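Per-chain numbering from 1; labels A, B and C assigned in written order.
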Amino acid sequence: MPIDIYLNVAVGGILAGLVYGLMALGLSVIFGVVRVVNFAHGEMMAIAMYASLLAFSLFKIDPLLMILPCAVLLFGLGYCLQGVLINRFITRPEHSQFLLMVAIAIIITNIQLIAFGPDARSVQTPYAYDSYQFGRLIVDADKLYGAIAALVVAAMLFAFFRFTRLGTAIRACADNYTGAQVVGLDVKRLYALTFGLGCACVGAAGAILMLSADVTPQFGPVATLQAFIIVITGGMGSMVGALLGGVLIGLTAAMAGLLFTPSIKAMFVYGILVLVLLFRPQGIIGKKTS
Amino acid sequence: MMGRLTDGLPRRALVLLALLLALAVVAPFCVGDYWLTVLILILYFAYTGQAWNIMMGFAGQLSLGHALFVGLGAYTTATLFAYYGIPPWIGLIAAVAVTVACGAIIGFLAFRFRVAGVYFAILTIAFAEFARTGFDNWSFANGAAGLFLPVAQYTHNDLWQLRGHPAMFYYVLLAATVLVFVASRLILKSRLGFYCLAIREDEQAARASGVNTFRYKMYAVMISAGMTSFAGMFYAFFYNNLFPEQVFNISRSIEIILAPLVGGVGTLGGPIFGAFVLEGLAEGLHNLLDTFGIDIPGIKQVVFGAVLLLVVIALPEGLWPWIARRLGLAERR
Amino acid sequence: MKKKYQSKAAVTRRSFSAGLGAASVVAGTAPFNIVRAQGAALKVGVLLPRSGYQAGIGQDCQRGVDIAGGLLKELGYPALQIVNADTETNVDVARSRAEKLIADGAQLLVGAFDSGQTSAIAQVSEQKGIPLVINIAAAPPITEQGYKFVFRNFPTGPMILRDAFLNQKAIFELTGSAPKTAVMMHVNDTYGMAIKGGVGAMFPKFDMPYKIAEQISYDPAARDLSVEVAKAKATGAEVLIAVSRLNDAILTTRELVKQRWSPMAILSIGPGWYEDQYLKTLGKLSDGPISLVPWYDPNKPLSGKLGAALAKAHPDVGLSTNHVYTFEALLIAADAYKRAGSADPKALAEAIRTTNITNNVSPGPGIMFDAKGQNDKLLCSAIQNRGGKLVTVAPKTAANAKVEWPLKPYDKRA
């Protein structure tokens, strides 16, 4: 096979991986700080995708412009969810948290089924079929825009955590729960804020993903699983790790599909997951946690 | 042994158990085939839930990929029967061997490399998904096109080959469920159970006290896996067709753990009570919606999810411990 | 032991039919569920996956159910009392719903699209002696089990393939051009794998002019087919043979456009490429692909009537396989009821066995069943997307248009 196919596929995998990395970023932030495993992560992304779909079909608003509104919408949702429900589950065992999020996921998925019907819905932007050519490399326009948007959002989040007081406070909570309380931080509010931010990431990712993918009510579980794989590979609690994990998984899946049969690329991804879990559970970037 | 079995249970609980057992035995003669099917489903989820519970409730390891063991058990017994004519009960021996080996591998990898908590759960998901895609592409087992068992008559019950009327399946499952509960109770009261509980409560303390945590966690995983393979055999011979997409699916794994989660993890009564409540809720919702002529696909699941939500918020320990305390059925410690 | 259970079932049914009268009054107020009529209506239970993973297809089949009532009445058939059940794309639910329907007095079942769930329902059906008319399910084993109460008016995988090859040859003859190489892309689910296996087995027997260079499979949940299409393009094949579902058909087409590959033809054996969502989503880019599928015969008068009824109820939905075969399943039920003169399931089964409906919708001589309960006279068609609509180009008996060959290149479409 000519070399440019490998190149195109690899680049495509990396670009797509960045968007999934953004989604995983939200999960990583939530787990890293609040220590709750959000098993309804994919369903929340589906909410953002449907919101973006509605905006496009009703008002012809481009999904890229929906990034901010979706992020805000999901932020609000996440903030409320944390405050009302999830707060009391922080100290509960994992299986309780799991059951909570599974119940939420079932409700969201089926409300979407009732509201939007079972068929796959997609958005057809005017530039959907455009591509840029760099020498022998052909890059899809929508994938490129999506990747750039994902990087921008991720950078903004990174800046927030690094350079703002609120961000520092949240990081303090993550590092030392008791210490943070001693210092006088309102931990509950910060947790809600973090959950909201994590969901906002997912909201942005959802809007971006509508550029190149379809949404069905069944989209949630698949996306959740993928987010977990990325976060674990890249490193739970690390933002760069999540993006890196996304790129790695996207690249692996694409190349495995090219080199072997596409249907066993899933096996490759799970194989990598198992290896990471065994030999480097903190992920590529993550720190070894006690 | 009976002493050890019943030691600590209040008399009320024993009477209730006996009553339930009697009812269960007579049930097929009193209820129609529809309710028989529902009872079979309840027992199926009670059985698998309890098998899963051994790993979770006793050794504290959250498995989200138990469909792997069901699927392995199903495919092992089904392929042996369909291709070599080996009766299911003999095939079960092979199935148990396969699942125990698989559980041992997962356990070894996980415990040796100290994979715990959420990470362990994800590891089990990875193995189940690996098996799903693997079987999808494995032409020996007919891949994604599905493995069909030759279906025979229903006129007489062939217990040896597991062909026959649903009532026969019901009794087989009932016997298995009773056995698994008795076995769990015995394990609980034995040294193995004692160590497992210690590990669940505080693994580091247990290890400090000299308990070989690795060995006992392995036992729990292997026993759980082996028990679950029976459920796979049952599934294969009851439905007579297997599709990797449906058998190994993560939604199946989640179904398995709902009953013990709702009923009460780590308790004996939890899985079966949970199975009754969940199946009863599902069927009840179906019939309620039918009566009111509400025909919106998906609405039953929304209500179901809402009830799950309420239960998990209000009763963190599960339904069974709460009910048991109310009715004075709880064990005296 | 067997006698006891049989009488149990009879008692259950009898006692339930007393409550049936009451129930039907309540249920009669529900929309679309019941077709009320003067005499005793045949109670038909329809099982479809209306939620869960297959919800899209299940709900599409449901449309065929909803328009059946009026049309059957117009044709002079006795009334059917239709009770809908959702299998939730889950084999446990499928089985228990089937049991419930029978316990509530259903005298005939229709369903259930998915081969696994249909097989589970078939076992219940056979055991209870209630006829099951399968609307759609392609796995051959279902009618190979020696069932006496299970009937399938839908082609099996091998039948679909046989007609696919024959229709392709007919098209090659009409256009005078035949490709030399083909590449196959197939989804890795039950249907896709069955077709792939079938192609492997049957291809040598049909002496096709082309060779299949490679068979590329992919995950049904794939959100991105760039790798697969890249691989397919790299084979240099002239024709793309696709076995997909709706989502992958759209994804594949998008990739074909992006990667700038317009094959001589796209031959699809399966759903996706002709569906409304495909036509709507892709607009001008949807023209050209030829689907070799079970379809309706546009030259039969009943097809026109069915299409009109559907257009009235759902203006933006085009008549397709799901509606046609689901409608025909109910047609079979009504016809058997008329000829049997009674709602006794045994009599119905016997009547179905001797079905001979020539005024139907699907292509072929009509609806009739062989000893195994399979309608082996069904023919599949070759349809082509044209201007947002579908025309039949083969076989000649069911054709209503001339084939457009080769495929108009994607970059030449405005």
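Throughout what follows, a contact is a pair of C-beta atoms (placed from the backbone, for glycine too) under 8 Å apart; a residue touches a chain by one contact, two chains touch by 3 or more.
Bear in mind the structure is a predicted one, so any value in this text is a computation, not a measurement.
J.: Using the contact definition from the top, classify how the chains connect: line, ring, star, complete or other.
T.: Per interface graph, the chains form a complete graph.
J.: State the pair with the higher C-beta contact count; candidates are A-B and A-C.
T.: The comparison resolves to A-B.
J.: From the centre of chain B, which chain's CA centre is farthest?
T.: C
J.: Averaging over Cα atoms per chain, report the distance between chain A and chain C in Å.
T.: The mean C-alpha positions of chain A and chain C differ by 37 Å.
J.: Give, as an integer number of Å, the spacing between the C-alpha centres of chain B and chain A.
T.: Once rounded, the distance between the two centres reads 32 Å.
J.: Enumerate the residues of chain A that touch no fewer than two other chains.
T.: Those would be 110, 113, 118, 217, 261, 263, 266.
J.: Listing for chain C: what residues touch at least two other chains?
T.: Chain C, residues with two or more chain partners: 51, 55, 58-59, 188, 217, 219.
J.: Going by the contact rule already set, what residues in chain B reach two or more other chains?
T.: 133, 136-137, 297-298, 301
J.: Quick check on the complex: what are the chain C residues that touch chain B?
T.: Touch list, chain C to chain B: 1-2, 4-5, 8-9, 12, 23, 26-27, 29-33, 50-51, 55, 58-59, 84, 86, 88, 91-92, 95-97, 99-100, 102-103, 115-116, 119-120, 123, 126-128, 139, 141, 145-147, 188-190, 192-194, 197, 217, 219.
J.: Where on chain B does chain A make contact in their complex?
T.: Residues in contact with chain A: 56, 62, 64, 109, 113-115, 117-119, 121-123, 125-127, 129-130, 133-134, 136-137, 250-251, 254, 257-258, 261-262, 265, 296-299, 301-302, 304-306, 308-309, 312-313, 316.
J.: Give the list of chain C residues in touch with chain A in this complex.
T.: Touching chain A from chain C are residues 51-53, 55-56, 58-59, 188, 216-219, 221-224, 226-228, 230-231, 233-234, 246-247, 250-251, 254, 257-259, 277, 281.
J.: Would you pull the chain A residues touching chain C in the complex into a rising list?
T.: 1-2, 5, 8-9, 12, 16, 110, 113, 117-120, 122, 124, 128-129, 131, 138, 140, 212-214, 216-218, 222, 254, 257-258, 261-263, 265-266
J.: In the complex of these two chains, what residues of chain B are touching chain C?
T.: On the chain B side, the touching residues are 29, 32-34, 36-38, 41, 133, 136-137, 143-146, 148, 150-151, 154-157, 165-167, 239-241, 243, 245-246, 283, 286-287, 290-291, 293-295, 297-298, 300-301.
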